[in-house]
Amino acid sequence: MDQFLQLVLAGLATGSIYALAAIGFTLVWQTSQTINFAQGEFVMLPAILVLAAVKFLHLPLPAAVLLATGAFLLLFGFGFKRFLVDPMLRHGVLPLAIATMALSILMKEGAKDGFSAEAQQFPSLVPDGAVTLLGATLSLRDIAIFGVAVVAIVALQLFVTRTRTGRMMQATAQNPSVATILGIPTERMILLTFLINAGLAVLASFLISPVYLAKFSNGEVIGTAAFIAAIVGGFNQVRGALVGGFVVGLVDNLAAAYVSSAYRAAVPLVLLVLVILFKPEGLLGRKEERTV
Amino acid sequence: MTSPLSRLDLNLVTLILGAAILWFVPVGMKSYGIYVISFWLVMSIAAMGLNLTLGYAGLKSLAQAAFLGIGAYATALITAKGGVLGPVWSWPLAFVVSGALTFAAGVVLGFPALRVKFHYLAFVTLAFATVMFLIFRNEQWLTGGVYGFPNIPRPTLFGVKLNNDLAFFRFLLMVTLVLSLAMWWLLRSPWGRAFMALRENPLRAASLGVNLRTYTLLAFAIGAGYGGFAGALYAPMVEFIDPAPFAISASFVLLLTVVVGGQGYFLGPFLGAAFSYVLPEVLRVTGGYYLLVYAALVLALLLVSPQGLIGIVEQIRELRRQKTAQAMRDASKVMLEAGR
Amino acid sequence: MNMPVKPPRGATMLRVENLSKHFGGIRAVDGVSFEVNEGEILGIIGPNGCGKSTLFNCILGQLQPTDGRVSLDGEDITGLFPADLNRRGVSRTFQLLQVFPNLAVRENLILAGQEHVGSMMGRLFGPRDAGLGAAAERMIGFFNLGHLAESKAGGLSYGQQKLLDAAMAFMAGPRLVLLDEPAGGVNLTMLAALKERLHAINRDEGATFVVIEHNMEFVMSLCDRVVVMAEGKVLATGTPDEIRADPAVIEAYLGH
């Protein structure tokens, strides 16, 4: 039982990282039909940038964090939208999706060649300790990850429902053409979603890297998980991405313990298959109308 | 602007000329070089299948590498250890079975295509590809699992076992030519037009009597069949297969191949396969950065020409046409002025 | 296409009886009845939201009617899918242009007729144009699209696409064509040409049309008879002159 609780918490912790990535992924898809295959690398890179700033620019950690965050938001929030998405969107969803595939390779190889192929330590604000609850030993770091992610998601939710800008952004995400008619500055709102996506990626990066170390290949697992989470949750729903992220995280962690290692990697994929076969619109998605 | 269909005859000429040239190209090449161009031909066939499904009919399939795998493993099973029908007839049987199996799989997979929309289809093919990969990897008794399937024999043609790489390449070239000619014929027939109608305007197509269900299933099944054929050629080419080349990432690479080559253009798959499978090998000379350079090239290409490599040719043609039209307009203006 | 033995001109071809379409509490089409005679051009007009388009979609199988019956030459065709209607010689144009944008004009036309030629396997091994090359040329000539025959349909001007749209509807040699707002957004010159071509096809081929339109002048000068709709119901039926004089119509159209 105690092991189960531990696994659940670990699952919620990784699940919250997947959720952050999946939410950003879904937001970007909703507002601008962009399938970002580089989302995993988006989560990998900010930590690498911080370490690079410390190593090459000899900056103290807080300054490095600020610089890396700013640079990332500029390059992969604004720059991504302006120089990759905008020019390519006219030509359909697929070429842009392929371009993000290429971008993911670029980011991964860039991190490997430009910084290091080795896994690196990433400093954590939370000490490496544990707390005992109901007889289970729960890692402080996992609790911290879960907690911070939840706060961020709640903050995002409040922003979207309580502020004017947030509501405009949500309207743009749900129906861009109607939003334009209503006078919402959709271009700015779309840019905002890209910036939020970049911000969520930065947060996820800083949360996960202390635990799993910063490595150029981190993006692969996270990217796949985020993609699966978004689909499982229902491709068109942010709420779904949230649920999907936690489901994938939990399933993955529980599988690691209770399923033999040969099949372990298959479990999230099997989950994906089951959801697609029995509820293709996702756990939280709405069935789309079929035309004659 | 000319339509894609009238250009297909130029494609036929390119195809035949290309085959003639390629017959002689590998003479004197080292075995690595022959391997690379053999690999290019095999993947072109797989890409051709996906181009039909995706580029012409507009159906989002992420399972092409799985069909490749089905063909490869079926061929391995039929031809290994002397072969089910002996050394001469086993491979032809395997070729036919690979195509038939994947065709049937395509029909089965095509059914959800009729009920679901847009990206949901991509998910269904993704699920299928995942399941197939898991079977390849975990069913060790059948496929050898992660340990692979060794000793896949080369086919025997006119009493000669094609162990010589150059001989096998030429055999491969002929099979590719036949399959390409069949695809060429298919695409320029009324069926090809109907496939494009699926992509261009399914609503109008239906109201004009185009049977959406039949053509969708056909587009899926034939595309899958070509994946199977490619697999039947891949297995004896490498003589040892494991699940890795048939993973989901391989399906994405095939997707990239079709898009980069130019989706919906006949020669697109050949160019795309050269870009995806030959170029990285060529780039290896730049040392450890080759993947970086490759990704940068893909990105740059797509930004310049989202219609892919053939798209660049199209853009040049279009520019020339506009220049001619403008020149004619200017000339007639001059004449009008002079006439006053 | 196998054409049945032609009934004499003037016989009832299409009969709509008590057709209704309800969307929840809204009665978009409410008990509409009318007949279309062989060889005539019938117009359906009415203010925005009177149910014309919904009526069309019900007849053409795009929507399932809630009540009522549609019959063609006496055969009940209520609720049949568009592809089935197409096989019975019924064809339509679309309000929002529906061409195949990346295919050439000629290819669009051949596509419009090819599914009626022979069998599927026959078409795979038969000629490239399914034997429709000549017919396509005729259409191209008839609608004056000659210089555009090889151009991509998506690159044509709006008016030219409308002509192509109409031409496609005629490719299969249909007996009955339903035109959905054919004049919408077309400039005056093109409009006159369109009207003239439609008259010509009706005269020469004996094709029967039903036309929904906003453009009163277009309908009045083109159609033999007119059905006026308002709020889902039929307000009046008759020749253009009769309609113009009908007090109920005048009241509904005050200012039009």
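General remarks:
Order of writing sets the chain letters: A, B and C. Residues in each chain are counted from 1.
To be clear about the criterion, contacts are C-beta pairs under 8 Å (C-beta built on N, C-alpha and C of every residue); 3 or more make two chains touch, one makes a residue touch a chain.
In this text, all values refer to a predicted model and were calculated from it rather than measured experimentally.
Averaging Cα atoms per chain gives one point for each, and the point farthest from that of chain A is the centre of C. With centres taken as mean C-alpha coordinates, the chain found closest to the middle of all protein C-alpha atoms is B.
The centroid of the Cα atoms in chain A and the matching centroid in chain B are 33 Å apart. Mean C-alpha position of chain B lies 41 Å from that of chain C.
Each chain gets one centre point, the mean of its Cα atoms, and the points for chain A and chain C are 51 Å apart.
In chain A, the residues that reach two or more other chains under the touch definition are 292.
Within chain B, residues 203, 206 each touch two or more of the remaining chains.
Annotation for chain C: residues touching 2 or more other chains are 81-82. The touching residues of chain B, counted against chain A in their complex, run 54, 60, 112, 115-117, 119-120, 123-124, 126-127, 130-131, 134, 138, 203, 206, 252, 255-256, 259-260, 263, 288-289, 291-292, 294-296, 298-299, 302-303, 306-308. By the touch rule above, chain A contacts chain B in their complex via residues 37, 84, 87-88, 90-92, 94-96, 98-99, 101-103, 105-106, 109-110, 113, 231, 235, 262-263, 266, 269-270, 272-273, 276-277, 280-281, 288, 290-292. For chain B in complex with chain C, the residues that touch the partner chain are 1-6, 186, 188-191, 193-194, 196-197, 200-201, 203-211, 214, 264. If you check the complex, the residues on chain C that touch chain B are 60, 81-83, 86-87, 91-92, 94, 98-104, 106-107, 110-112, 114-117, 120, 123-126, 128-130, 150-152, 155, 168, 172.
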